[in-house]
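Consider the two complexes below, in which subunit A is the common component and subunit B and subunit C are the respective partners.
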Partner chain A sequence: MAQKCKVLWVEDGARYDLVNMAAPVYMDGKYDLVIAEDASSGVDYVLKDTFDVIVVDIRIPPGIDRDWINLHKKSGANKVSARLGLDFLYTILGNQNAKINLGDKRPAWITPTKIGVLTVESELELAEHLERLQITVFYRKRAEMPEEILLKLIEDILAQAKR
Partner chain B sequence: MTVIWSQLTEAWAGVYLQVAATILVFALGFPLIVEQISISEDLRRIVHRHNRMVEWLLPLLFALATLITLCFVWFLHPVAIDFAKQDQAVLNNASNPNNNIIASLFITLIVLTPAIILRVFQVSYRRNEILSSLKQKCDRHIEEGFLDHIALEDIQYLGELGKTRGEKIQVLEILEQLAYKMQTCTYYQGKGLEDIIKAIEFTLQKDTDGDSFARGVLILQHIIENISKSRFDSSYDVGLVLRTLGRLGVIAFTIDSERSARKIVETIQFISRTPDGGFLEAALALFELGVTALEHGQFLVAVEALNKLEAMTCQKEPVNVVNSSTYLGLVAHFWSRGGSARQRALSGLKGIKFSPSRSKCLRSAQQSFFGTARFTTADLLSKMIAEL
Partner chain C sequence: MKNIDDKSSEPQNTTQPENIEPEIGNHSAITDSQLLKALLDDFPIHINFKDTNSRFIRISKSQAIAFNLSDPSEAIGKSNFDFFSWEHADQSYKDEQQIMQTGESLVTKEEKETWRDKPDTWVITTKMPLRDEEGRIIGTVGISKDITEQKQVEKVLGEEQNLVHALMDNLPDAIYFKDAKSRFIRINQAYARWFGLGDPTQAIGKSDFDFFPEELSRQYYDDEQDIMRSGQPLVSKEENQTYPDGRVIWVSTTKMPLRDQEGKIIGTFGISRDITAEKHLRENIDDLQRDVGRTFHTLSATLNQTTHAITPTIIALGPDPFMGKLLPLTTEIWKELASFRNSLVSTISRLLESIETPFQKEALLPEDWAELYKLLSIIEEVEKINIEEQRVPVLRRAARRIIDILGKIKKSNLKQELVRDVRRSAEQLERTTCLIVLRQVQDHILETDYMVRDLRERVITGVKKTEKPEICEFWDLVMEVMEGLSEYAHYKGVQLRKDNRAGAVCVCVGRGNIIRAVNNLLHNAIKYSWLRDPSVTPWIEIRSYIKEDQVFLEIEDYGIPIPRDEIEKELIFQLGWRGRLSSQRGRIGTGIGLADARDTARRYGGEVRITSHPASHYSSIDDLSVPHKVTAMLSLPIHKHEGEIKHGTKM
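Let's turn to the complex of A and B:
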């Protein structure tokens, strides 16, 4: 059996409201889907493991790490206004705008081509950040959202990475 | 009469220690006992998180008790002994009229302390007051452009643990007001009610009363009505409400089943008629509800769900593979029951125009349910394809 592609999905609703989106990924059989429900566990996963694809929601809670909790508090203690998903992306990509720096611990395997964003915000709202982060794969959560959207996003990221 | 200043002997020190310990135990223990006995756990947790008055109550009482003890020793220690009556200690309060007043004040304070504590508890732990203060916190943040998640979590917690219909409805009303306030803010663009919708769902999850359940469903309907008035290009909250209704529909069968479930069916169809209505989410919610109704032998609800799903699907005629999938899934469940249920499913199926064809739509639906790990439905569709 071929080795499965490792996918990290950073999404707080992944085990609750959006649980059905994971089913097509499991059914496809090609992917090993790992779920992180907050920024702290997302960072924890990327530091401990290697992933072929990272899908990130912009509105995520901080989790248990003190740095992320403090950043969350500084940004209004609200996942909507804090948009910790963006900070998570800046951090894991080692961008100069990162408010939390991983320093030497930052894994070198993480590149913008392995990352996609699946969020409620429109592309226009995030355009400036996405450009800075060089992330091009973006899907918006909306009504009429098919359950296969996560699978499609993963396939798009992999196709982009191969190019 | 010869008078000398008395010494603080070991015996007296023992007495004072005893008095001090009694006062401290009383001052600290009494509020805790009252709190444990008379206040429910949910209110206690919230008040300790938010109410600084209660937070400071114990240290304050400790300081007060220490002060009272010191005053007691200072004023009431017998300072003089009459050698003519050596066997009788003359207390200060007997020789000094001012100390009578102090002693009276001291005793009054002891009597008043429980009354003050009870009053503080009454005010701090009143459910109305707690909810109102949490709502105010949320309101302030909404005006600044976002929700206070900690206060909202606590409102949700009170809703979840609410025992009576009144307690649940009280929380639901506050959530409705918060949702309305959010939706009437200029920055609201059809997204951002996630936590309020979740709080409504959690409040209804452990509900055992049809009235509060119906009220919760109505609030979700109002949320959609408000979204519809604004005509956003896309609203994530519509899909969220529909998915929530789908889950609540399944829970409804554990309450008074039919009434609540039918209310949800109506609400889902109402939402699907609005301009932002998410067809896919609405169809899936009706599917889940219809299947659960069939499993519970609630055929009226099941048929109502099928009927609404048929009506929604017909509006998309000729129905393509994407739009027909969920409907055909529910039809397969009716089909598998045989008899009257199969008869009803067939009559509906005959009246719908499929594109490119019914058989292709059926195969696509089977693949779609297989792809989303809904094996029971996928297998029923396979059987139906083979038999049709």
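Let's turn to the complex of A and C:
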């Protein structure tokens, strides 16, 4: 049996608001989907495992790690203003603008071509960051988006990685 | 003849006796020089005599004092250049030379004296040529009166006038002064513009009757007469005014009695502000609030209907394993689903194992068999999905897909009882997952409805006049809230325990406001009760007590913790705050309830505080994985009736 593609989805709404979005991914059978509900656990997962795709929401809570909690507090202590998903991306990509650095621990397999963003903000709002991080796959969450949107996003990221 | 010295018989009075003539023209006892000396020594006026070179010949004592001389003789031979600044001395010299050349006097010139060694002074000066007996000009004589103080007063008055002008000319509000007959004494630029006048002076002597309709003018006149009679001002009266150009505006007017320096009322003065835009805005806001309130009401009704519409669907789905229980926890749901899942896995496996012959394989297309194998694998491995809530939609989709595939089976190719078993298992699994989803939806709708009603209350409160405080028995309010939420508590499986230790104390509050505040706190307590352990029935204790003239209400629940920093930083009172444990505390929450409860309590001199401590003494306060005793405390001042003191249990 072909090895499944490992996908990490960093999203705090996966348990409730977006509970139906993961089902098409599981049903597809080609993906091993892992969900991290906050920045701390997202970092834990990338340090422990290797993923073919990472999908990130921008408005995520900090989790239990002290550094992420402090960053969250400094940034307004609410996930809307804090936008920790962006900090998470800067961190895992080892960008010079990262406020939390992984140093030597940062896995080399993480590249912008493996990453996509699925968030409420518009692409225009995040344009400057996306450009800096060299992330090109972006989907915006909308009220009537189809349940298959996450599956589509994963496929787009994989297609991009192959190019 | 009487002895001139004998005064004993003379009447003791001070009037001049009629038979004594005044000694007019008898100068023999007083010389001219004595008269001059008296003038120079005693008059508080600067007098000086100068020669043709403007050097002092003689000066008065007052002048000597101004020159800082101990004796007038010290000035002899000196000139203004010895005392004043060069500029003033020079001008003075020129004036005197001019007088001596022309013989013409310089009369009442207002001069500023600038000194070498002291602040400037102001004088009114008269200078005349000094002539000898032949009429030849031999110098000048000058008299100066110090008017420095007068000038200072004039300066201050001038500055104050400037301020008044600045106010009158630049304020956009209308300012006016009227006499006792309500005729304008003065108006400002703004009011002149309102009247369409080119200049404020054009209003002087006129009255409101010259500008406004009779009815309005009569009202203004009557108001002003009342003010003058009573001495009481008219403050912030809102009036509708029609101006000569037809404009209609709303103004807020304040009028005061105008008094003279003795305090007698001599007229009125007032200020009017154009509030037309503000009034329209207020009306728009009121309309908006009413519309929003109505919309929320409709929304709430719709949500209620939706909830009730779901119920028949839930019933139609057949036996409900969660019937009569509170909304199932994820772990409980999973246990229930696991049995259906295992059953489906088992029946599919048996079906797939029974496929031996090519004839049997033809029952389905190869891709359908492949998908059936894939679905079996998905169902078997569903426990690997780390988020339990996500397993439900996966199983639902898988079950539905299996049912669809079974619909394609050529019946004659396979043992029908095996196919029927798979179908039955898949249908049971699908039905149960749908049931769970519907129950969750129903729960969320109820929560949303509560929020909508809460929002509606807050919006509507803004439309009504501020609720007038009334004296209420505190525990009655609490009981009303408990009765209102008893059904919700029952639905959630939460036990409510009450303990009124405060007794029959009264508070002076807006009844509806406090009911809403307590409702918010109790609703939160029910919503966030600890539902994770089926062996423990969550409870809420509602208790009241008295402490230091305040009545306290504590709503303590056995529930989901609130992180310490969220309490210490008062984040939980921020509108829109969802909290670090929001995923465990439920998706729905806007922070409105707590913020509103605290604002309401404070309005009446009370407070709301929240604490969260582990239910077990062995757990750390920062351990958020264990249930906490979360206490919402509301306090209000006790209303003391006169002559009656309410007693209850004091803490």
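The rule is simple: the second predicted complex is superposed on the first by the 163 of 163 C-alpha atoms of A that agree within 3 Å, B and C clash if a C-alpha of one lies under 4 Å from a C-alpha of the other, contacts with A are read in each partner's own complex, and residues count from 1 in each chain.
FYI, a residue touches a chain if its C-beta (ideal position, glycine included) is under 8 Å from a C-beta of that chain, and two chains touch if they have at least 3 such contacts.
Everything quoted here is computed from the prediction, not taken from an experiment.
Taken together in the superposed arrangement on subunit A, subunit B and subunit C clash. In the superposition on chain A, contact of A:14 is made with subunit C only, not with subunit B.
After overlaying the two complexes on the shared chain, residue contacts for A:111 are found with neither subunit B nor subunit C. Using the contact criterion defined above for the overlaid structures, shared-chain residue A:145 touches subunit B, although it does not reach subunit C.
When the shared chain is aligned, no partner comes close enough to touch A:134: not subunit B, not subunit C. Contacts of A:29 after superposition on the shared chain: subunit C is touched, whereas subunit B is not.
Applying the stated contact rule after C-alpha superposition, one finds that A:97 touches neither subunit B nor subunit C. Contact with neither subunit B nor subunit C is seen for A:50 once the two complexes are overlaid on the shared chain.
Of the two partner chains, subunit B is the only one touched by A:120; subunit C is not.
Contacts of A:70 after superposition on the shared chain: neither subunit B nor subunit C is touched.
With chain A as the common frame, the single stretch of subunit C that clashes into subunit B is 295-303; none of the other options in 295-303, 331-339, 349-357 or 619-627 do.
The interface of subunit A with subunit B overlaps its interface with subunit C at residues 16-17, 20, 23-24, 26-27, 77-80.
Interface residues of subunit C facing subunit A in the complex, by the touch rule stated above, are 374, 377-378, 382, 385-387, 389-390, 392-394, 396-398, 401, 565, 569, 571, 574, 576-578, 580, 582-583, 587.
Contact residues on subunit A toward subunit C in their complex (touch as defined above): 12, 14-17, 19-20, 22-24, 26-27, 29, 33-35, 37, 61-62, 73, 77-80. In the complex of the two chains, the subunit B residues touching subunit A come out as 141, 145-150, 191-192, 194, 198, 234-240, 242-244, 276-281, 284, 322, 370-374.
Those residues of subunit A lying in contact with subunit B across their complex are 13, 16-17, 20, 23-24, 26-28, 59, 76-81, 120-121, 140-148.
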